[in-house]
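Can you read through this structure? Questions will come right after.
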Amino acid sequence: MKIRFLLPLVVTLCFATQLLAMPKNSNPLSDSRVRQAIAYAIDMDTIQETLLEGKAIVADSHIPNGPFKKPGLPKYSYDPDKARQLLKEANWNSSQELDMVYYYSDQLTVDLMTAIQAYLSDVGVKMNFRKLEGDVGAQLWTAPKDPQNGPSAVKWDLAYGAHGPLALQEYFSRYKTGDMSISPADAKVDSMIDVLTSTADIAAQKKIFFEMEDYMQTELFTLPLYYQQAFIYESNKLNRNGGIYGNPQYNYDWDVTKWTVEPDANGKMVMNTNTGPMEFFEHPWFNPGLFITNKVLFDRLISCDGGLAPTRPKMAKYYNLSKDAKTLTFELKNGLQWHDGSAITAEEIKWNIELALKVPNIMPIFKTTFSYLEGAEAFMNGSASSVSGIAISGNKITLSFAQVDPNVLLTFTQWAPLPRKYLEDVDPAKFQQHPFWQNPVGSGPYKVQEVKMNDYLIMVPFENFHEGVARIDEIVAYPSKDNDANLVKNASAGSLDYGFTKNVADVKALEEMDHMRVIPADIPYTRMVWFNKYAKN
Amino acid sequence: MFVYFTRRLLYLIPMLLGISFLIYLGLELTPGDILSYLLPPEAIADLKPEELIAMREALGLNDPFIVRYLYWLGGILQGDFGYSLASGVPISKLVLERIPATLELSIAALLFSTLFGVILGSISALKRGSLMDNSLTVFGMIGVSIPEFIFGLIALVVFALQLEWLPVGKRLMPGYDSYWDHMPHLVMPAMVLGLIMTAGVMRYTRSSMLDSLNKEFIRTARSKGVPEWRVNFIHGLRVALIPVVVLIGFRLPMLIGGTVIIEQVFQWPGIGDLFVNAVRGQNYPLVMMISFLSVTAVLFASFLIDLLTALLDPRIKLE
Amino acid sequence: MTRRPTRLDKKFDLLREKTEQGTLKAPSSNRALNKLASNKLAVLGLAFVTIMILASVFAPLVTQYDPQKVDLRMMLKPPSADHILGTDKIGRDVFARIIYGGQISILVGLGSALGAALIGVSIGAYTGYKGGWWDSTFLRISEVVMSFPQIILVLMLVTILGQSLMNLIIIFTLTGWGSLYRLTRAQMLSLREEEYVQALRAFGLNTFTICFKHILPNALGPIMVNITLSTAMFILQEAGLSFLGLGVPLNIPTWGNILNVAQDLRILQNYWWVWLPSAVTISLFVLAINFVGDGLRDTTDPTMQG
Amino acid sequence: MSADQKVLSVKDLKTYIYVNNRCNKALDGVSFDVYRGKTLCVVGESGCGKSITASSITQLLPKLSRIESGEIVYHSERGNIRIDQLERNGPEMRALRGAEISMIFQDPMTALNPVYRIGSQISEGLQYHSKNTLAQLKQTSIDLLRQMGIPLAEQRVDDYPHQFSGGMRQRAMIAMAMSCKPKILIADEPTTALDVTIQAQIFELIDELKQRHNTAVILITHDMGVVAELADHVAVMYMGNIVEQGTVDDVLRHPAHPYTEALLKSIPILGKGKQQQITPIQGSTPDPYQRPKGCQFEPRCPYATERCQTFPDSQSISATHDALCWHSEKVLSHA
């Protein structure tokens, strides 16, 4: 519908491509030449080698390297002369100071900002940076009332940050007119996003991705700096016994049940790790795999490979996505149990999906998938008591979608159902605050044995796990966030057997330890500089 | 005496009321948003403004100020310290869980610093002007001049990582059954915090002892022909201790403050750690309650110190 | 049975000899200054503090390097003839950063101490002299402020005001005035009973003049001591806050921020020149200030003799 | 006065004080004797060295001072003891203090330890100089307090010093000093800090004790009235020297030193009525660091001559009476 309405606009705009290299408003950053000049001014290769110690990949698009990335995208390799020339063409006013913001509190970010500042000043662009405090989200992403002309509702000119979505489409879907604080309405982008988010066919997806990447990178809507890698570290005591490595921030077929650890003096296999709960167990619907607890306490319907491509059914006996990608059918395995021994039913899965629709902070792709279900809208606004698009018969669940979601299978590789009987009374707005999250009951290969909230968490194998009982006797998780500040201390002291980090400095230190090994993993996690292209007042 | 202390205790009430109001007022002015703590910044980027507003409303962040203050105060009076915004866990539970750790650390550090400070300070005063006195004074000064976290980190690298004498940090570990099992974990944080505080106690004991040794009653004691140790300790130190105890009372806030940084260095799961996390996460109720409770603790402890001073100094009973 | 000579005896013999020969110099007229000068540690401390302040103020003359000049190809180089204290993680000259960092650290320390003194002393002097309602009000307020563990109050205010250089100075000032207030007030309470004050009052001088012009100068000794000691304390606190990531924004070089990289154990263990010089600088500076403060205390405190 | 009655003789005692890197010759050759059951009053202006004399005898001198030369001999039952040669706080010295020679200080407010009960402070010396059980010690304290005329001694023995009035504290101090029945009691201006009405009571008490126990008393005072009342012998001190000494009769009635003469003229004598002429001593005490070359009193002395530029020898007026003045004859005849 929308596409048909927008088509004439796209055509008109195609004529205007010549005009694109002009400032669109009073903000010089709306001029693509200025943005390109900034890109040329920064020597990302040197930064990658030195500051990032080679532990990153220089980016030439939002999208990480892989089949969905168009070969030969413009790279903007370091060329200060070109930068100066472009700035001259764009009549850059050298007295203007750009205001750059960021929200990380680590030393590396400050160092990177300092380096970028130095590079920019080299070509005659003044830039000052500051860390955002307080309500970061609002300061970054408040969209202007008038998405066409602005003025900008945020103060900054440049923002450094990262985007690491689960589905590649999300990299671009956020540029849709009215959603973002930085880009004036662009019909071409809108129309491409519409195609992107409604195509399930791989070939068609590739085509539109290529098109989109090319447009975004040529115009340099946003400057991708580098692709962050994740670094899995393991002690030499740990053996995955053939289990594969993959994106450690999400769930994949890592076969944790087969892992072994050198037994301790008592003959017990104990694996020490971090990301244990600090005040509560973070629920798995927002960060499905960032914490060890969410990985091993909960099970998913479908499994996927290390690159998160769906591969096989897991809790499901089988699954089937119809040709038009609008109907997904599962059948649950027989005899599935929660950790407390009660049965997992198909009815419970339905209740879970309905709850997920009402919980405000869940992972965006889950939200998208569920809200595309038939009758989801009616259920959300209260006019229906249940979602009509979910049909249950015995162990079989049939999901009918009103709209095609290219990531529907991905959702079910990450989304974990929860036991209904503990959460029946939950207020969706305070989902995370429910007492359940002090000692959750799940369906994964490990279950909670002892929670000592500020000291440690002990998890032991779930004796009725449907893929066999796990071999490691105890997983001990010490409390930390996903970027564990005490990682190096604890690893040197030998009290960490598994974990992952994105902190380059930590990786270097881990690599220097004889008893640890580090395995880099490519993840969709792009660090970039956003340009605020709206006019400011 | 009973009247004096009852009065002293009653006096705490308006004080605490004032403090509670100030704390609440102060924290209301924080620009932070609990959502920034609940969600990583990347995630907020993906949420729509109306979703953000709905989430704020649900968390009760939109009531008028005085209403929120009265609710809060009323809650405290009924023993309801509110709930952590992050987890929904009662704050009383969170704090109670952490109290043993902080109490352990601060009492150990307090005992250590008092014992060593008083002993070294007295030696310094008795050997005034000697090499011993001068080196103790200089060491004490160096001690208070090194930032505590550097001191802690170096101790950690040397004793935990290089020599492997002591655990690198944390408190309780799986398999610890007896209360004493985790004592090796306590050694380093308590020593580091204790040593930092020792310098102050030592310095103060020295000057108080010098003061006391210059008093007339010291000459009186000597004129009776009693041995020197008795003159110095039973008469000199005993009187010198009174201001030292008062000073330790004054330094209690410093002790609690010191735990904030030391707990971070040694992953000690105490109140300080909880507080830093709460500040970073702008978890208002938690920050408010911890501040309030720490001041209450300080006031109550100084009250106890007053009691102790009265026991040490018979002159106070008349007042 | 003769007494064995002690260390003191030698000193006594010398003094006695000089007295008998009449060669003992009469002490100079300014006893306090004389005493400070005879305190070697205080003189040494004063010299170090002065050198550091001068070096910071005239930083461009001391070092040719720009403290913010990034050279990614020169990162983590050990001390050499070019970079006498080596380079940091992004190739900046560590020596230059310490010298320039001194500007901010000393500004924070001294600025906050002076700010606290301004508030504490003026309130303490006036209300201490006047007494009455204002006096008891401020006494209560100071009690409230001082019963907070300082770092907790500071952290609370950091979250309220946000993290910036100016805010930090304001926060330190707001949290630090209590002790100076108490001190000044106590001095005023005893001095206002002195006879010369009664006399001034009888002359009909106004309160303000008596208070600030006639009494306050007599209380300056202990106040100066307190200001020096507060300066040392604030410099240490700045470092502590940097450690928590809640101090001066990381992009501004301060001693605390330079030292903060020691949190990275790899730097702490392998690249001593990145953090140790700033640790030593902070410690020496604080130590020096403490020595000066102690020296000042000894000279202004008549009960300390010997 | 036979020699066996002598309990203490001080000969040519020099004690110097070294404060602020200077040398103050506080006692510059002091000699006197003390006799059993007699009171020696040492008089003089403040700063003349009275208290230093007292603390030299017990070696309770300030830290930065020392006995340079001279002798202090204590004639004990076991023989003579050279006090000046004992280690300051050594065991021999401690054995004398409290037991044989005890002291009462100027200010009873500060001389008692504020944190201990009166009783325990009184018996503390006794505890070290004799073998007694705790109960005995307490009983002795009570008895002593009662002897000192403190009512309800059984109760007051458990009081703290701050609960006592000034006079009572000084009584307690005396009880403390007398607890071991010493041979010599040194009272260093024991009443200066007390009310006038209490002063007389304290002196009476000291006199009574002296008579009862045959104790020798060295009373340091600047009150000539007290001297007239209590003293057997008088020593007048000026700038670190004893300028005149003798029996009370010798010194008060026949002063042979211009300073004594001036001192006596400068104070009113009770009962002489309004007509008496009071003449203040002219000039002021010199700076101890800028002493006159010869006679210390020379700059203020009406009798001063050229000769006074040299330090005078001691002039013997009679067997019991000496003065340190070239013109003592003149002074004597003047009076």
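Here the chain labels run A, B, C and D in written order, and each chain numbers its own residues starting at 1.
The definition used in the following text is that a contact is a pair of C-beta atoms (placed from the backbone, for glycine too) under 8 Å apart; a residue touches a chain by one contact, two chains touch by 3 or more.
What you are looking at is a predicted structure, and each value in this text was computed from that prediction instead of being measured.
Taking the mean of each chain's C-alpha atoms, the chain closest to the overall C-alpha centroid is B.
When chain centres are set by their Cα atoms, the one at the greatest distance from subunit B is D. In terms of C-beta pairs in contact, the better-connected of the chain pairs C-D and A-B is A-B.
Each chain gets a centre from the mean of its Cα atoms; for subunit C and subunit D, those two points are 50 Å apart. The centroid of the Cα atoms in subunit A and the matching centroid in subunit B are 41 Å apart.
Subunit B and subunit D have CA centres that are 54 Å apart.
Centres computed as Cα averages put subunit B at a distance of 23 Å from subunit C.
Shared contact sites, meaning residues of subunit C that touch two or more other chains, fall at 162, 245, 263, 265, 306.
Of all residues in subunit A, those that touch two or more other chains are 133-134, 489, 492. For subunit B, residues touching at least two other chains, in rising order: 30-32, 161, 282.
Inter-chain contacts, as defined above, occur between A-B, A-C, B-C, B-D, C-D.
For subunit D in complex with subunit B, the residues that touch the partner chain are 55, 58, 60, 89, 93-99, 102-103, 105, 107, 110-116, 124-125, 127-129, 160, 162-163, 173, 176-177.
Put simply, subunit A touches subunit B in their complex at residues 103, 133-138, 140-143, 161-165, 170, 174, 179, 270, 278-280, 286, 360-361, 364, 427, 429-430, 432-435, 437-438, 450, 452-456, 458, 474, 476, 478-479, 486, 489-490, 492-493, 495. Of all residues in subunit C, those touching subunit A in their complex are 68-70, 72-73, 75, 89-91, 162-163, 245, 249-251, 260-261, 263-267. Residues 30-33, 35-36, 38-39, 41-49, 51-52, 54-55, 58-59, 83-84, 86-89, 94, 97-98, 101, 156, 160-161, 167-174, 267, 269, 273-274, 277, 282 of subunit B are the ones that touch subunit A when the two sit in their complex. Interface of subunit B with subunit C (complex): residues 15, 18-19, 22-23, 26-27, 29-32, 128-130, 138, 141-142, 144-150, 153-154, 157, 161, 211, 214, 253-257, 260-261, 264, 275-276, 279-280, 282, 287, 290-291, 294-295, 298-299, 302.
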